[in-house]
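Have a look at this one before I ask anything.
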Amino acid sequence: MATPDLSVAIGSLTLPNPLIAASGCFGYGLEYEHVVDLAALGGVVSKGLFMKERQGHPPPRIVETPAGMINAIGLQGIGVHRFVKEKLPLLNAAGARTFVNVCGTTLDEYVEVCKVLSDAEGVAAIELNISCPNIKEGGIQFGCSLEGTYGVVNAVKKATHLPVIPKLTPNVTDVASFAKAAEDAGADAISLVNTFLAMAIDVETRRPKITNVLGGLSGPAIRPIAVRMVWECYNLVKIPVIGMGGITDARDVIEFMLAGSTAVQIGTQNFVDPFVWTKVLDGLADYMTRHNIAKISDLIGAFDPTPPKATHA
Amino acid sequence: MATPDLSVAIGSLTLPNPLIAASGCFGYGLEYEHVVDLAALGGVVSKGLFMKERQGHPPPRIVETPAGMINAIGLQGIGVHRFVKEKLPLLNAAGARTFVNVCGTTLDEYVEVCKVLSDAEGVAAIELNISCPNIKEGGIQFGCSLEGTYGVVNAVKKATHLPVIPKLTPNVTDVASFAKAAEDAGADAISLVNTFLAMAIDVETRRPKITNVLGGLSGPAIRPIAVRMVWECYNLVKIPVIGMGGITDARDVIEFMLAGSTAVQIGTQNFVDPFVWTKVLDGLADYMTRHNIAKISDLIGAFDPTPPKATHA
Amino acid sequence: MPPVDIDATVIANVRLSRDYSVLSLAAPEVGTRTRPGQFVMVKPTGVTDPLLRRPFSVFEVLRNGAGEVTGVSILNKRAGRSTKRLYELEPGDVVSCLGPLGVPFTPVAAPRQAWMVAGGVGLAPFATLAETLAASNTPTTLFYGARTADELFYLDFFERLGITLVLTTEDGGHAAGRHCIKGRVTIPLEDALKAVGPAGAMVYACGPEPMLEAVAKLAARYNQPSEVSVERVMGCGLGGCYSCVVPVKHGGENANLVRSCINGPVFDGAELVWD
Amino acid sequence: MPPVDIDATVIANVRLSRDYSVLSLAAPEVGTRTRPGQFVMVKPTGVTDPLLRRPFSVFEVLRNGAGEVTGVSILNKRAGRSTKRLYELEPGDVVSCLGPLGVPFTPVAAPRQAWMVAGGVGLAPFATLAETLAASNTPTTLFYGARTADELFYLDFFERLGITLVLTTEDGGHAAGRHCIKGRVTIPLEDALKAVGPAGAMVYACGPEPMLEAVAKLAARYNQPSEVSVERVMGCGLGGCYSCVVPVKHGGENANLVRSCINGPVFDGAELVWD
């Protein structure tokens, strides 16, 4: 059988494979240049960027939880201008397909940041972060209201020619309705999930484990909820869905694709194993060979709801 | 130091300790009579009960996930009448404080079931299940709308003299607002969280892991989200909060109490270790001795948001 | 007797093949309580992943030279994550062992014959049942089928107890000089049923569900009683979670879906509904 | 050189005390790359709980008789779940070892003196630094403080290298014939700084943050340079997560919170902001 075709298309964008490094889990990408060939990834999402530099929250910023971790980095970042000047050229030189995770404290800021990126060389797409749970003005006020979501996506679409991919928060009653609002506003795709608002207490001190008290839960713990949300969105909208949440290996990637993901993002697992990328690519090829699948895109939404056998034997 | 006082009060109800067996994780209680002294528990919550018997979903009904499990039992149950006739007398004989988890497909059914329980001997309280994610008519339509929550709690309160404890779903944007709606409607306490709507796919067959496709995620994986939700509710309402979600040991119980729980429920861990109860009780006593705490109720909401040290050393 | 939960030290873990091992656990309190057909809920102590215990039939009740019970063993077949982990355990490792649990087999006595029908790892509950039947001199036959001859285990053990062996392999291969019939274990079983004497036979079965169904229906067709041990995903083993239900004809509570952990795993083959 | 990730077999795990052990790992590729002060990110292979790796200074670069590098060791102190697990590992177990990572110390040369200041487990990075300094005949002193004398380790190792030892214990207890000053390690350090010659000294420090702060401020007060190795909770060790930031005076990007995994863990003591 010919080498399996791992390429996937997100609107006008074609990726060599569905693996994208998740925002905030891969620095600005360049940090990983010496461990992984950035060009070999489907794409790289930058850390969340505002107009200006940000300090983020005082440490400690993360704490481990059962099969997961809570983070409240607070969107520390260098601001869009320095990103375009210092990082983007190097990412392009490395052959990375760069997705920029855009944050804003106001609708105008979202628009401004996107304009700056539109004028820059070699941005593949904009991931609109309207879902950061860790900062008061982290866009969550847009991400938790249908009007807010529609409004910011609509405004940004008017301001840029780049593909716009709103990133949805799972901290809502009906995530699919937000996917629909994004689609109606002209989004080219959606990505989900961002982290689940969570908290952990040190019972010896009675104090929070992290300075910000509240943070975002990520990692394998959230995968079953994230897969469900991807499936719900896939069933309601026509635009591509980029799924994520607790992906650790090829099996997990395929689970998300069967649930309707066109591409996936890997975050926390990159901390556990920065070499996860090549391992997953090998695993995908192996799965496709075993199941005689020529094009990985054939897996998108190919979940079959027929009940399984009650007994395994 | 005198033996620590583990008792807690939920409205008029006083429990010898804060440990309650969670609904659906302890059968009807009697199944565990031979492994644990039911009278030694703070309380026992029955499986969810409708007016009539229910078959539930075809198996498989559970699947394990990272640090958790998904279940879609489908509220198989014997109905309130048989419960009152066959189970309640034995639970009373065993000295259990019995909380009955009440389900309904309509508002009337909730009211009817509660009336039957009001006329019965020895029901400690009603836990109103408006949050089962696993069946279309599992009350989730009440639990996911503020009006629905207010309406069913209000109606049930009028129909019974028993303490009414609505059990909230975590599958909402703002769980605290539901706690408030319940309080406004006259709830005596609230309990949370029920399970998170989730799904898992067998990538070899492309089929669901469980017959119902969707199920509820429980276990340690969800604890950090559940603790956050308890803290949010505790800060908004005055009625007692009964916290649960992934509790495995005394540390976890204390974490939930510091976050504002008056009592807690243990579900999944009872599957892992049916002897968890005595272990946790010992652990609580040990913690109180180490920290010189006379009354465990002093821990309720005693979380201190002061940031921790950035470095441990 | 109520079940106990023992942090049991691994005495030995004998690999019988690439997939099978016999895991011996120092849990005398479980051993003394166990009756043939009962099971234990097991997981490596302190391990949080996998989270839940797994059900295993008690294979052997272990005794020391003085005949005192020292523990139990399980016949473990690699099927997934936990069974792989159990396969890899070494002496000294510690395993949480909860049991005994569930409804045991009902041993019969002469003149009625006892026929044990095992498919693959379904052999597990029959070692203890064979000992009980042998002790009461019940004429006993083991119909035992596997994919290949090298997956037929403990044949000497059963022969030493005076059990008649009827072996089948799917490829017709023979097991260490012993003749094996080619095909399913239900083939020789049906021949036997055709020839069953007036005293009759009790048919015990454990194995893949299609085999259980075939055996139960065969026994019924020839008017012989059967007891089959079913296998369901079990979350707790104590009746707490309702994950393990099987449909039975006149099942008491809960219409006809009953919990196989407390109402089984052994059921009257005539009672079960085969979907 | 880029870091590598090795599934390293445990060669030995020598318990030095109830809390400390030296864990030797067969990871030559890491050993050959390591420079003094660098660290590795470690977790038992295949274990999913704890989820994240943990950072450990490279303690020793291991060599065989022929002098070839065979791996690295870490000085592990039990602080929580992972370190407890590492303490309990046995030879043959496998550990994922990612490294070397981070900015190493800058070794100085004679006539300038090298003063290494270690608090407790902060001794870890100084074994390799001492070897480097000894190789260049840099006059070197180890100021080493612990709670009690039985938590002062590897003293012979440093003496064999010709390192001068200045030991302190909080209770004033003495270590195997060697005199220990009662109190904090900063007491003898300050005496030494008062008497430092014109050639001056470079002060290296690793240990509890309050100690690092005291050392950095002392060195500054006596106009001597210092390099301190800080300890922050680290999620990735590669600059990916921004969990490990420390405030520095003129820190380049991100205002003045910089990632201690890639801009450190070793910093110019004068650059750090002590809150």
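All chains are identified by letter, namely A, B, C and D, in their written order; residue positions are counted from 1 within each chain.
Following the convention adopted for this analysis, contacts are C-beta pairs under 8 Å (C-beta built on N, C-alpha and C of every residue); 3 or more make two chains touch, one makes a residue touch a chain.
Everything numeric in this text was worked out from a predicted model, so none of it was measured.
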Length of the shortest touching-chain route, chain C through to chain D: 1
Remotest chain, chain C as reference, centres from CA atoms: D
Pair of chains joined by the greatest number of C-beta pairs in contact: A-B
Whole-Å gap between the CA centroids of chain A and chain B: 33
Chain B and chain D: spacing of chain centres that average the CA atoms, whole Å: 48
Interchain centroid distance [CA atoms averaged], chain A/chain D, Å: 36
Residue list for chain D, restricted to those that touch at least two other chains: 48-49, 232-233
Contacts with 2+ other chains: residues of chain A: 59-60, 66-68, 219-220, 310
Category of the chain touch graph - line, ring, star, complete, other: complete
Chain C - residues contacting chain D, complex: 48-49
Chain B to chain D touching residues, read off their complex: 66-67, 310-313
Complex contact set, residues of chain D against chain B: 48-49, 79, 120-122, 207-209, 230-233
For the chain A and chain B complex, residues of the former touching the latter: 58-60, 65-68, 70, 144, 171-173, 196-203, 205-211, 213-214, 217, 219-225, 227-228, 231, 246, 251, 254-255, 258-259, 287, 302-310
Chain B-facing residues of chain C, complex: 2-3, 5, 43, 48-53, 96, 98, 232-233, 235-236, 238-246, 253-255, 257, 262
